[in-house]
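In the two complexes that follow, subunit A is the common piece, with subunit B as its partner first and subunit C second.
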Partner chain A sequence: MKHEGKKLVWQEYQKEIADDHFFYARSCIRQTFFPGSEKVFTKILKDELGKDIYDSEHHTSCTGIGYHADAVPFETTMTVVARQFALMTEAGYENYAASCITSFGLYTEILETWHHFPEVEAKAREFLYKATGREFKIPKNLAHASDIIYKFRYEIAKRAKYRLVDKNTGKPLRVVEHIGCHYSKMFPHKGVGGAEYPYVLTGMIEAWGGEVIDYPERRHCCGFGFRQYIVQANRGYSIACSKKKFDSMEPYEPDMIITNCPGCPMFLDRWQYALSEMEGKTYGKNGNGIPVFTYEEVAGLVLGYDPWEIGLQVHQVPAEPLLDKMGIEYDPGSKFKGPNGEDLGRPIAPSYLKFYKE
Partner chain B sequence: MSGAVEKVRFGFSVNKDRQIDYDANLKNVSDIVQKAEPTFNLCISCGTCASTCTAGKFTDFSLRKVILMVRRGETKGLENEITKCMLCGKCQLVCPRGVSTRNLILQIHKALKTGAL
Partner chain C sequence: MNRKIAVIGGGAAGLEASSALTSLGFRVVLVEKEDETGGHIKNWHALFPNRRPGVEVLDALRSKLGSDVELFSGKTVTEIKPVNDRFELSSADGWKTEADAVLLTTGFSLFNARKKEEYGYGIYDNVITSAELESAFSTGKIAMKSGEQPKRIGFVHCVGSRDEKVGNIYCSKVCCVTAVKQAIEIKQYLPDCEVFCFYMDMRMFGRHYEELYKEAQEKYYIQFIRGRLSESTEDHTGKIILKVEDTLLGKPLKIGVDMLVLMVGMEPAEITKNLGTQLGLVSDSDRFLVSTDQHISANISEIPGLFFAGTCTGPKNIADTLADARSAALAIAGYFDNNHNKS
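Here is the complex of A and B:
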C-alpha cells in the first residue's frame, strides 16, 4: 500500500473521546515504574488545558493483572470494576479515563460482555449491591489517557517549548512508537487507528515534530505478557520478545521509544539493561541504550517541564542523550536529588550501558 | 567496552527465536517432492507414521517432523534426519491418508542429492 493511501485508511479508524469532565482511574504499577507520568497527565489537563479531572483516592486496582494471570475470576473482576464505575457515578462524572492499558482493555471487555449479556451485568450489579450497597451508571465515554492526550495533541503543540527535533541538524527525531497490546488488539474499534495501525501515539509524535519509524516487529508484544514475566520460569520468553523488537528496530537508529502502557516502558527499558548485562549488547550509539518514555513524559518534555521533576531519573536507560539532542535545559547535578533537594545517593553503574552520573 | 566484565546471571536466559521465516526459507525441495510424489499433499500431519515408526523408537526420528520441515522449507539438517529411516514401510501401512511414505523419503533424498538447493 502506498504511504498516502495508508494515511487515508488510518483516518477512518477514529473513536469518540470526551472533551472535558473526566473521572481518572490510576494504574497500580505506573506510579512505581514511572512515577512522574500520571502527575504530568493531571497537570497538563488541569493547568495547561484547563480541564476538569477528578482524581479519586478511593478507587482500587481493576484486578487486571490478577485476571490475566488466571488468579482472579471474571465475576470478581466485574464486581471490582462495577465499584469503580459506582465511584464515578457518585462523584457525578460520566467520562471514564483509564491510565492503564490493561485496565482500559478490561473495562472494554466488561462493557462489551454486559452489552451482549445483560444478565451478566445484572449479576455484577447484584454482587456490588450486596457487598457495598453501591449502584452505578455505565460510563458515557471510556477513553484511555493516551486517547485524551492524542485529542489535545495540537493544543500541546501550540504551547510547546521544545519539539521532537534534533537541535543540531534540524531534522525530526526518529521515534519508535509502541502500543500496549490491550489497547486495540482485543477490540480494534475501541482504539484510535484500529489494531493494525493504531494512530494514537503516531498522531502525537507527528504533531510534536518527530518522525515515526515503521520497522518489521512494530506490533510485536513488549514481552511483559503477564504470565510471560510473572511466572519466573517464563522470563526467558519475556526477554526474548523484547530482544526481537530491539534487534528489529536497531538498524533504523531510533532516538527514542514512546509507549502508552504501564508494562511496555518498564520492560523495554529494564530489559535493555538486562540484555546488556547478559550479552554485553547495547542498542543505542556509543554504549547508550534507546531511551524509553511514556507519552506523558514526552508531553511534559515538549512543554518544557524539568526532566527530574517528571521522574526521568528512575529510567534504567538514561534519558540524557535525548535531552541533549532536543536541546532541553537540565541540571545534571539535580538528577539524584529528592523533592526537597536532599541527596538520594548514586545507583550502581551498569557494566555495559552508559551511565550518566552528573 | 571490554568483554572482560563478567556477565550477570539473572536465573534465566534469553530464549532462542523459533520464528519460521517463510520468506527466507527455500521451498524448492517441497516443490520437487510434490511433483515426484503427489500423495505428499494428502498428509494431514496426524503423526500416525511417527507413532508406529521402529526407527523412531530408538532415535528421535519422526516422519511427521520431516514432512513439516520440507513444507516449511527448513532444509537445514534434513539430510541427516532422513538417514535415520530404515525404509521398513510400516508407516505406509498405517497412514490413514494413503501417503506413499517410503517413496516420499526416497524423493526427499533425491531432491536433496540432485542439488535442489
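Here is the complex of A and C:
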C-alpha cells in the first residue's frame, strides 16, 4: 500500500467547508439509534469551539428514505427541501449543516439539479410558495456534519484528553472507517477525499492518533441499503452485506469501526449481535464484538466526555473493551442508570456476544 | 526544389516521414522533445502480432535517416508561426528555426491510470500498467513488489478507452492485441502462472491478430472473461481482490490476483494539445487533431503548409502510423508541386 498515492487522490478532492454560523438539520433516525451523537456535535461546536450553530425545531425529515425507496416523488422531496432552506433563510443563516448522510446527498443532488435545470428550481420555488408562502435562498455552503468535525479535527486534538492509542503498548488503535454511500459516491467532488478513498473520517482518525485499516470490502454497503432492510423480504441481503464486511475486516483485528451515516453504525452494530446468535460467530477477540461508533461519539471520547453521557450504553456491541484500551475513566455501575440516576434494569445478555464485563 | 520541412516529433511517424521526405528531395529539420528519437517504441520490448523486438523496427527507422535530416533533440517546440508562406518555429529554451512546411508528428500520451481511482494504480503495490510490464519484459524480471513471482495475473482492457467517465469514448485500438501479446509473454516467462483477461469486446482488427488471440486460448490457456472491473482492493496478504461482472454469465465475480496489469489507452500528447491551441487548429471531442477530410486528405490541416501524421490525429498501430507518415510526405510534395508557391 502506498500512502503517498492516496494523498494524491485526496488532494484532488478538497471542498470548502464554512467556518462558522451553521444552520443545523438533524437526522430523522439518529436520535433513536445513537441518541448522544447530535448532542455531542452541538456541544463540541458551541462549547469547545465557540461556534454559532442554529438548531431549528421546525424542520422536518428531508424525505430521503422515502425518496430512495421510491415512495416520495422528486418534486415533493424538492419542495420539502426548499422549505428547509426557507427555514435557514428566515433564521438568517447561509451555511447549511446536515447531520444525515442521505440528507446531505439529497441536498447535493437537488442543488446540482437546480444548477443545471433552473426551470426545475423555479418550479420548486413555486410549489413552496403556494403551499407555505415561504421563500428561500440557496445555501452559500453545504456541508455534512462530519465535514465540519473534519475541518476542526486538529482543534479537537489540541483539547483531547485521550488519544486513539492503546494505553498499554502506545501503538495507534486500528480503526475501520465506514463512509455512508450518499456522502460522495454520487458526487465525488462534494466529499472530502472523493468517492474511492474518502478522507473525511481518515483525517479525524489520523489527527486523533489512530491508524486506518484498508480492507477489501471497505467500499461495500453497510447492509442498510434502504430497500435491503426496509423491504422485509430483502433483509437477508442486509445481514449478508454486513457479514461480508466483517469477514473482510476480521483478519486486520480492528479495535473499532467509525461511521458517518445514520444507518451504518446501526447495522454494523446490531447485525453483529444477530450474526452471533445465528452462527455463534463474533468478530472481536475472546467473544467480543468490534465496537461501532459515530464520529461524534469518538470525538466526545477523545475530548473526555462521559461514555454514558454520550449514549454509548445503547450500543449492542459494548464499548468497554475499547474504553479500557484507551484508558478512559468511566463508572461501569452507571451504564444502565437513567438521567436522574434511576436504575433502568439490565438487558438480557446475548448467547455468544460478550456483553457484560467479567 | 530542396525546400525545408520541419517535422515535430521523432517517434515512429516523425522518423518515417523524415526519411520519406528526404527521399523526395526535401531538407528536413526533425525536432524531438526528448534526448533521443524513438517515441514510445523505444520503451516497448516486443511488438504485436509477431513479438519482434521493438528495437528492431526502431533501428530500421533510424538507419533510414540520411544526412539531409538535421536532428534537434531535447527541444520542445512551443510556437509555430505562419509568416509569409513560411513558418517560424521556436522552443521553450529559445531555439528557433524556419521552414517552408511543418509536419506535426507529436503522437500520443499514455492514459494516466491514476484517473481510474477504483483500480488502485499508484496505491496498491502490485497494480501496474501495460507500459510498466513492457519495461519488466525488457529486464526479464516479472516479479511482485515482494520480489516473488506472481502465480496469477489479471489484465484489464480499455483502461482510459471507451470510458465516458474519464472523457474518452473512443477505442485506442492497440490495447486488446497488446494484452493478448503480453498475456502470452507472461505464460512464456512463467508457464505456471494463471492469466485472466477482462475485456469489453476483443477488437482484433489487424492482420494476424485473431490468430494471436486463438493461440492465447488454445496454446496458452489464457482465460478471457467478458466484463469490466468495478474495483480492486488489497487484502492483508497483499493480494489484489477484483470485483468484476462476468457479462456473459450475468454474474458478479470476485477473484484474487497477485498482479494486476492495466491496459492504458492513448490520449493526445500534451504538445499536440498545446500546439493545436496555439495554432488555432480544430480538435475533435476526443481532443485529437482534425484534418480537412478524414478520408481523402487525412494529413492536411486547415492551415496551408501544415500537415499531420501518426497518432496526433487518433490512435493507430505502428504499421498504420508508418503508412500515414509516408502518406503525409506525399501530401507535402503534392502541396509544393501542385498548389502553392511553385519555384
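We take it that the second predicted complex is superposed on the first by the 355 of 358 C-alpha atoms of A that agree within 3 Å, B and C clash if a C-alpha of one lies under 4 Å from a C-alpha of the other, contacts with A are read in each partner's own complex, and residues count from 1 in each chain.
Here is the rule we go by: contacts are C-beta pairs under 8 Å (C-beta built on N, C-alpha and C of every residue); 3 or more make two chains touch, one makes a residue touch a chain.
Source: prediction; values computed, not measured.
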{"item": "Touched partner set for A:196, first subunit B, second subunit C, both or neither", "value": "second"}
{"item": "First, second, both or neither for A:219, with subunit B first and subunit C second", "value": "second"}
{"item": "First, second, both or neither for A:279, with subunit B first and subunit C second", "value": "first"}
{"item": "First (subunit B), second (subunit C), both or neither touched by A:75", "value": "neither"}
{"item": "First, second, both or neither for A:237, with subunit B first and subunit C second", "value": "first"}
{"item": "Touched partner set for A:47, first subunit B, second subunit C, both or neither", "value": "neither"}
{"item": "First, second, both or neither for A:135, with subunit B first and subunit C second", "value": "neither"}
{"item": "Of all residues in subunit B, those that touch subunit A in their complex", "value": "1, 3, 5, 7-8, 10-17, 19"}
{"item": "Subunit A to subunit C touching residues, read off their complex", "value": "1-2, 5-6, 8-9, 194-197, 214-219, 248, 251-252"}
{"item": "List of subunit C residues in touch with subunit A within their complex", "value": "114, 117-118, 121-125, 231, 233-236, 241"}
{"item": "Touch list for subunit A against partner subunit B, complex", "value": "232-233, 235-237, 239-240, 243-244, 274-275, 277-280, 287, 351-352"}
